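Next, two complexes with subunit A in common: one pairs it with subunit B, the other with subunit C.
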Partner chain A sequence: MRGRWRVIEAVRKSDRFGFLFSLPYVIFFLAFVAYPLIFSFVLIFHRWNIVTPMEWIGLKNFERLFHDPLFGKAITNTLTFLLIHIPLQIIIALLLALLLNSKVKMRGLFRAIYFLPVVVSGVAVTILWQQLYSYDYGVLNALLKAIGLPSVPWLVDASWAMPSVAIMATWKNVGIYIVLFLVGLQNIPAELYEAASLDGASRFRQFRHITIPMLNPTVIVVVVLSTIGGFSLFIEPYVLTGGGPMQSTLSGMLYIYNQAFYFGHMGYAATLGFVFALIILAVVLIQRRVIETEPT
Partner chain B sequence: MKITLKYLVLVLGAAVFAYPFLWMIAGSLKPELEISNLGLLSENYTLHSYEQVVTKVPIGRAFLNSIIVSLATTASVVFFGSMVGYALAKLRFLGSKALYLLILFTMMIPFQITLIPQYILIVKLGWTDTYPALIAPTMMSAFGIVLFRQFFVSVPNALIDAARIDGCSEWGILFKLIWPLSRPVVITVGLLTFMSSWNEVLWPLMVVRERTLMTMPQIVTIFTIGGEAETQLGSLLAAATLLSLPVIIAYAFFQRYFIESMASTGLKG
Partner chain C sequence: MRLFVATCGIILFSISGCSQERPSIGQASDAVELTYWPAPNAQEVQLADSLVRVWNRLHPEVRVRMQPIPVSQSTEEVLLAAIAGNTTPDVCSNIWPGALHDYTRAGGLIPFDRLADFDSIITSRVPRDLLETFRSTDGHYYQLPWKTNPVMMFYNERLFREVGVATPPRTYSEYYEAGGKVTRDIDGDGRIDVWMGERDIRPIWWQRLFDFFPFYIAASGGKTLFKNGEPSFNDADAVDVLGFFRECYGRGLFPRTFFQGGDPFLLEKKATNFSGPWEVAHIQKFAPHIKYGIAPLPVPDGHTGQVYTSGDFKNISIFANTKHPREAWEFVKFLVTAQHDLLLMEICDQVPVRSDLLNNPLFADYFRRKPVMVKFAEQAVYSRAVDSAPDLKEIFDAIAQEYEMCAIYGRKSPEQAVRDATDRAQFIVEWNK
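And then the complex of A and B:
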């Protein structure tokens, strides 16, 4: 009785506009977050093509997933992507941010240009790069030829295709990270450098022992956002290569899409989505741990 | 010497990011045979590639669809988001803490897990090939709510209490008092939502098959991989230009807002 009375009292004291203003979100949450989340737990135990009735198959989806070579391929492709994309992104973003942070004219203009690909649709960027990467007529191979280097089979060779996607994604996204590093650099107190100079620390030592540690939170953001982006890769391989050649650019999201919409395997597609989500959460958690505890 | 090197790297960087776009726009205007040239200029500029795109796909309609979907989504995210943000920041009610935790939890869920069930929900509602299918699942954003709440918390309570004493309703307080004070966060949430909605392509590909309902990035994707471009480089580049030019023009005017929005949210995200 007392418990119920307390709840009633709390409701009575509540601002009714609090409920009213929150209500639309609560309805939205139930329909488009809670329901799909619960439904995904149902789907992973079923075989279903949406048209015929659902069929309970227990853990068969997971059994299949662990023996599915294409699932493994999607994981290793994503890791290949991240292994190239993340270091490239950090190095380029940090270099350009450091240059922009020094005394430089037209900083705003440079920053705006570096940021341009970020706002443009991924589809447009992919169409553009498809042309740049073209083996016979592409601008990149023409440039390589001009300086006397052999042509690169960017999209036609299975071992080059994923690195090519990673380079393109870096070009598209690095602008965000330049801006984030720039903010990070500007937040480092100038007194730290002054004190270090007085103690006779060289520029390099200042960079190593002040700049790098102070940028650690930014690096975490860059690594985490890039990782989530890597696991969400879809339109780039979909338009650029269709996942080929020889499945070398098949991404997790592309595989989920194919299972759902080419084969109508809704249960299996949901299982793949479920497992990929768990992998993303695990990888991001581990990354945070590792970077946060890194000795400086 | 050092300064020269610095500017050399900066200018080289600028060329790497800007030149491909210039090449794309120039290529869309060049005759087919000249496209693979490195240069931008041609004596034979033509609108032929654009004619190809316009006659093969309903791109004007797609532009209209994209405008409708992006504007509706943005208006909804800003309107409802600021309501919840205000409730969480300034109103006391049972369950407000639980609701805030729920919203933070929502932000952590990778979309891969809810994507297929969301698609099935749309199918079961009979919404495939409709605007609601494109708009409803992104009508509200947990991220937007958190940004609004963070900003609204810093509005002084005395100001709100004074408005209440003057007989102002909660609606009035939110839209006439707090909104004008919160222009930066309204712009940030609005711009980011509009941009991501305009560029979204995976979801439209899932829920829309009817060509007259497709969005810009979707129709350009279908045009590219569906074989209608017939491997004509010019029309591919023209389609990509039509898709990106509106955003590039908006960016030219509001680039500071774009960059500051992304920078302020990226660090918190």
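And then the complex of A and C:
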């Protein structure tokens, strides 16, 4: 009781306006972050379909998860997506950022154009790409055919579908990472390049020994954001392929969504989400360990 | 601190002020008010609007407020959310039998058989054997069969005639034979211009309600997926059906692609379409130039007897949340009178579930004006609903995965796919018990 009064006294003495101004965020945090997190954790041990009362089932959701072939498939698919998407994203974003950082004409216009897909609705973009990718009637295959190449089964072949989804996701999100790389590039002190030039370093050596190491913190941010974004892969397979062909684009998020909102297995979906969160944490920690180096 | 308290006070005062402005249901007036949710498509909203206007004119003491089911991915999601949130309507006329189990498990519906004159009303309308298929596992009727949309085969007469197919195919062999002629590259650009058929190739559970499921009912002479609460489709009929679709893809009669730019049947890019009577209005509206015919679904060679199909039934239920069950039941009876069933056909081109459809003089003029609907009325008697079983969507999802693997991509034999789908269905049933 005394402790509680002490806290109240501390609040009273401190800046009251500060507490007042932080109140909306605290309420938001409690309602939309803390409460759902705790509730999801409780759900892990229950069977619940929203409308009937929760039923305690102990660790049965985990038992199911470890015997569920689709869970393994969803993890593999998501990792496959990340393996294609992250390097592609970094390379394209960095190249475009380097171009936009140089003295090209209408730089502002190009920056806006590259950022445009980011602000367009994900569903609209996906429907557009569905038309581009159509095997018999798509624009891409028509172009391939025009130059004498065979049609590609973009979305209707299990080995092509996930790379196709990754290409589309990269196109959609690359604008954000261009901006991040641009900020990183503009923060590199010009003196470093001047000193290197005076020492006779070529443009490539400057890029290799100054730009890349100095961009390391940005690369970490890009990799971590792409990884988290990649694990959230949902709209693209949901609209483009429904998880097919043959579950080759069934992402973790899509599987969780199906379990929760198609089949009403809230407890199992929460368990999947919990395990996914652990996997994301592990992957991000490994990535940081591998990438994080001090610039020399 | 004083400022903090004052701010909280203002917020609380505002909230309480807002809540005081809301009308209280109990205090509003002595008149009973019912809420009715029809399906949100334009025709059914028009029908519901007409019916509710008439009802409100005739029954000023029981006012009905019509509100189309809020648009979402599916009606079932909306209704489950409404049950969870205690915001259900009194009456809904878009109840899919496959979701009924979820609603009843949540205690969301009123059993009709506890209402006084239900038996006389229902037996005068629905054949007894068909009615039995709507009885829930606890022995009660929570749904009043209202309308059915039998899935049949639409075929493009011109495309058939052009290649010398005189009659619509009745069996799988006839379908392959006709398909071999119809499917072709007309302009010689190396791309197929007309396909025999087409289905959405994504493994989406409800897509199987328009291929595997009705074809299984047809092949098996009226069986559905469950028997005594257990999955029972591990049989030769299911193997035949998957084998049929595998052949359609294998022979190149169906495309393994997404069609773009519109409905391929309306664009005359496919010669057959498995659909329900709503397709009639659709064709009339968007492609009235198409000459088409309607036939029962193809069945395995050597099949004898009547060809059954899936009815895609939509029924009426009263929600347990209603404060006025008696008035709600009176409104339901009003919805299903013969005159209003006629209105359902006139406005929506959908088939009411009634046994006197083809011999009641009230409907004769409608069928004379729309002879195409006679086919559906004849088929309606030989229609089956989805089982009122738990976890049906998940089981259809399992079937969709195996269908894709076997029929579309040919990676599994039909026997193996049916076995795997049944095993998966059994696992789902066990898990959810």
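We take it that the second predicted complex is superposed on the first by the 282 of 296 C-alpha atoms of A that agree within 3 Å, B and C clash if a C-alpha of one lies under 4 Å from a C-alpha of the other, contacts with A are read in each partner's own complex, and residues count from 1 in each chain.
Rule of thumb we're sticking to: contacts are C-beta pairs under 8 Å (C-beta built on N, C-alpha and C of every residue); 3 or more make two chains touch, one makes a residue touch a chain.
Since the structure is predicted, the reported quantities are computational estimates derived from the model, not experimental observations.
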**Prompt:** Looking at the overlay, what does A:G242 touch: subunit B (first), subunit C (second), both, or neither?
**Reply:** both
After lining up the shared chain so the two structures overlap, which partner does A:A190 touch, if you call subunit B first and subunit C second: first, second, both or neither? neither
Return first, second, both or neither, reflecting whether A:I50 touches subunit B, subunit C, both chains, or no partner chain.
both
### Task
Once the structures are superposed on A, label A:G138 by its partner contacts, choosing first (subunit B), second (subunit C), both or neither.
both
The answer to whether subunit B or subunit C touches more of subunit A is B
**Message:** If we overlay the two complexes on their shared chain A, which of subunit B and subunit C does A:L198 touch? Say first, second, both or neither.
**Reply:** neither
TODO: Quick one: classify A:F263 as touching subunit B (first), subunit C (second), both or neither.
DONE: second
Exercise. For A:F19, is the partner it touches subunit B (first), subunit C (second), both, or none of the two (neither)?
Worked result: both
Check your understanding: Touching A:I147, do we find subunit B (first), subunit C (second), both, or neither?
Key -> neither
On subunit A, the footprints of subunit B and subunit C overlap at residues 16-17, 19, 50, 130-131, 134, 137-138, 242, 261
In their shared complex, subunit C is touched by residues of subunit A numbered 12, 16-17, 19-20, 49-52, 64, 130-131, 134-138, 153, 155-156, 158, 241-247, 258, 261-264
In the complex, subunit C touches subunit A at residues 1, 3-4, 7, 77, 80-81, 83-84, 102-103, 105-106, 108, 191-192, 201-205, 255-261, 391, 393-394, 397, 401, 404-405, 408-409, 411, 431
Contacts from subunit A onto subunit B in the complex sit at residues 7, 10-11, 13-19, 21-22, 24-26, 28-29, 31-33, 35-37, 39-40, 43, 50, 95-96, 99-100, 102, 104, 108, 110-125, 127-132, 134, 137-139, 142-143, 171, 175-176, 179-180, 182-183, 217-218, 221, 225, 228, 231-232, 234-235, 238-239, 242, 252-253, 256-257, 260-261, 266, 269-270, 272-274, 276-277, 280-281
Within the complex, subunit A is touched by subunit B residues 6-7, 9-10, 13-14, 16-18, 20-21, 23-24, 27, 35-36, 38, 80, 83-84, 86-88, 91-94, 96, 99, 102-103, 106, 108-121, 123, 136-137, 139-140, 145, 170, 174, 195, 198-199, 201-202, 205-206, 216-217, 220-221, 224-225, 233, 236-237, 239-241, 243-244, 247-248, 251, 255-256, 258-259, 262-263, 266-267, 269
